[in-house]
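Which chain is which? They are A, B, C and D, in the order written, and residues in each are numbered from 1.
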Amino acid sequence: MIKARVYACMNHPRPEGLNTFQRVLVLLIIASVTLAVLSSEPVVREAVGRHLAWLELGFGAIFLVEYMARVWSVGSQPGFSGVAGRLRYMRQPMAVIDLLAVLPFLAGISGAETMVLRLLRLLRLVALTKLARYSSAIRLVTESCISRRFELAFTVMLAGLIILVSSAALYVVEGDHQPEAFGSIPRAAWWSVATLTTVGYGDLVPVTPLGRFFAALTAFAGIGLIAMPTGILAAAFSEAFARARARGEDREGKA
Amino acid sequence: MIKARVYACMNHPRPEGLNTFQRVLVLLIIASVTLAVLSSEPVVREAVGRHLAWLELGFGAIFLVEYMARVWSVGSQPGFSGVAGRLRYMRQPMAVIDLLAVLPFLAGISGAETMVLRLLRLLRLVALTKLARYSSAIRLVTESCISRRFELAFTVMLAGLIILVSSAALYVVEGDHQPEAFGSIPRAAWWSVATLTTVGYGDLVPVTPLGRFFAALTAFAGIGLIAMPTGILAAAFSEAFARARARGEDREGKA
Amino acid sequence: MIKARVYACMNHPRPEGLNTFQRVLVLLIIASVTLAVLSSEPVVREAVGRHLAWLELGFGAIFLVEYMARVWSVGSQPGFSGVAGRLRYMRQPMAVIDLLAVLPFLAGISGAETMVLRLLRLLRLVALTKLARYSSAIRLVTESCISRRFELAFTVMLAGLIILVSSAALYVVEGDHQPEAFGSIPRAAWWSVATLTTVGYGDLVPVTPLGRFFAALTAFAGIGLIAMPTGILAAAFSEAFARARARGEDREGKA
Amino acid sequence: MIKARVYACMNHPRPEGLNTFQRVLVLLIIASVTLAVLSSEPVVREAVGRHLAWLELGFGAIFLVEYMARVWSVGSQPGFSGVAGRLRYMRQPMAVIDLLAVLPFLAGISGAETMVLRLLRLLRLVALTKLARYSSAIRLVTESCISRRFELAFTVMLAGLIILVSSAALYVVEGDHQPEAFGSIPRAAWWSVATLTTVGYGDLVPVTPLGRFFAALTAFAGIGLIAMPTGILAAAFSEAFARARARGEDREGKA
């Protein structure tokens, strides 16, 4: 019985929001991510480096306990009882993420300060995706995006095509003037992405009139690149909100 | 009776717009903000510094009188009469903002040219938020934003997650090449924000091929970051305009 | 009779597009603007400067004839006959624009190569606004923008407020470190506008952690600044297209 | 009979997606484009230049066979049989693109490493547009854009007008301070495009207060330039999705 209650406490969504256990878990995840971010800063590491190791150990222990509690309590659900059922649970994407989020802490215990560990530490950030388990708002947004995945994929393809063409154009036009910046299509692609997304770092800029003309075309294509997915999503959200209201799910839209 | 008429003059919205008193007040607020902005410029302070002090004193006196008139006249309203009622009024957010907008002028009289005062002077800008009391257009816009606060909050969370992941990626990939710019996740986050919002200052840019690849992913995520809230707001505004027209409130939409 | 036919030829819109006279006029306007743009380039002026003067004289003569034909032919319309009626026509905004577009050519004859003339030459660009007389598409777009002018004005006010607050914050935080760039609120406002609109030149960037924090907030506010007017316009266009289809005006929307 | 089956295999769309032949063709096109992009990089050319020539020859042979198979099999269709019918097919835009995509490979055999060849190689990228033959999503998006072409053209005209006016303003205001950057309207136009599209390279920035004021106006106009086409497309997509659902074509929108 306690198994089922632990499972419910950890997993059941409630219409009025997260329960106490889930809130504490969210705070712990945020705290551990903040710790990982701050401990990457040399100034912080020099000042309080020793305490960071203990904090990491503490977070690692808590998340390990949480992971084991999940695996244990899932046995109360039909289809997941016994060792075989739990192994099946552990192969589910969410459970794999939970485990990967624990691993860097355990590795941290062994004290290996290597590049591999730094990369593994990134996985701690994945723990944040646990938050994606909650809320009808998230479902509305993600469902809208998924329902228009083909239209959105088309704009991505279009963006790729524009990057190809504009990189090639700048390579031909500016390649001889600025070989370091535009001396090949892959090099020019860096400039092309920065221009098409309207980021515009300005580390590389065309200097010839023809190069600037193609750059202007790319920048205007960037406006279109913003407008198309935005328009697609706006239409998809309009549909999704209307459907949700028709189903009576959408408590917020009535305000 | 005069108390009630002063209250009405200061507070009652009219369908056809602001009355004379309210218009003068708006102009005075804009003038005082312009004065604060200009008097921060050393060139202006050197040229006409002495007159600025007198002007500030004048604005301070006017806004103090306005504040006292508000407190006095609110006594005509049920539930705010007497000293206790006025103290209750003074604790309301709008009344606190009114008071805070007067304080820096009074502090200006004492002549304390300190950093604290400069920070207090910022509060004068808060006075502008008084303008938020007017218009059904503002209500339409803010209500739409509020009705979709969960969806918008999700995009903010998503943006935070992308900043975390891209900062960590750039820290790992570029940290050794540019320790000053990407030597820790918090340092790389400055670059990540500038890229994700498509601002792209260009003070920090990745130089390695892998760093540029992650930068390109971040820049494209930035397009999505613009598209999602825009689409959500577009759908929310469509709903709000339709509702307003159904209620017959929306005089503008018929044009 | 000829007066009325000249008037119709110059002014009557046709459902199938511009007539021959109107097309030639559009081409002439574009050619004269191109001439003005190119003749500002010193390289071009040195090479073909003498011919430019003759071309300008030609354009001036044509546009003067066109202006006089408009004034003369308007006499065929009820309410504009006689000298008084024509003077009334000449006071209409469109007629004033037509006259102002002719003036710089006439001034060009006198050969005055002064700064004033350069400014007057700008007015030639105003001639382009003549194109705004055509098309139901333009009417749809402009009507949609106008029908939501209060909501759009609110976003402009919000943008102004954010610029004020972020300029003041950067002035306080960064003013002592970079007095040239952030030493006053007006100076910081230049940075603030570039950040809020996500242009991000990168000529001025905050260097302190706190300054960068406020800059990040401003950049994210910039995303909102793009999202709000876009959402308002998207909703307004949805309404306008639906209304136009209901009226049977919208031939394009059926495709 | 085999002719008709080859034609069907190459050209018939299937509701469930591409068939095996079409998938292989897409992969080959992407591979050949990747090859063209990478072989433009001097580092890559030095390392594996000899193998690239063989790879190009291979791709050229495959695409030539594909082209000939298309021309041969189209003879099974009514109206394209015989030499005359096939010549008519070869004049269709898609067939011309197919041929142009083969040409650079054939030219590559001759070993001419000239500028002309580099330009011809760009045409290989055009091969990607073959992908545009597929999917109802693409039709939805392109039809929406086309149905609002007049409104979108109006925003392009508006953008051109703003670039003209802001270039002229910056030329007049900043031309004497920075003759190299703003010394003529065409030169200032490069800055104007970068600002209006919110790219903001930062290679040229106004330095005078008046120049910065006009730059701020241009940047805010840029927000409008993003908002207008986005709003138009959002409304157009809403209509298109609703129409597609009414026709029962839109399998995705029901999710």
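Basically, a residue touches a chain if its C-beta (ideal position, glycine included) is under 8 Å from a C-beta of that chain, and two chains touch if they have at least 3 such contacts.
Predicted, not measured: the structure shown is a model, and the values here were computed from it.
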Reference interface A-D: repeating pair among B-D, A-C or A-B with over half of contacts shared: A-B
Copies chain D and chain C - interface residue numbers shared by over half, same or different: different
Greatest separation from chain A - chain, by CA centre: C
Centre-of-Cα separation between chain D and chain C, whole angstrom: 29
Centre-to-centre distance between chain C and chain A (centres being mean Cα positions), rounded to whole Å: 41
Multi-chain contact sites of chain D, meaning residues that touch two or more partners: 186, 198-202, 226, 230-232, 234-236, 238
Chain B-facing residues of chain C, complex: 143, 146-151, 153-155, 157, 161, 164-165, 167-169, 171-172, 183-187, 189, 195, 198-202, 205, 209, 212, 215-216, 219-220, 222-224, 226-228, 230-232, 234-236, 238-239
Residues on chain D engaged by chain A in the complex (per definition of touch): 33, 36-38, 40-44, 115, 118-119, 121-122, 125, 128-129, 131, 135-138, 140-141, 144-145, 156, 159, 186, 190, 193-194, 197-203, 225-226, 229-238, 240-241, 252-255
Residues of chain D that touch chain B when the two form their complex: 198-202, 230-231, 234, 238
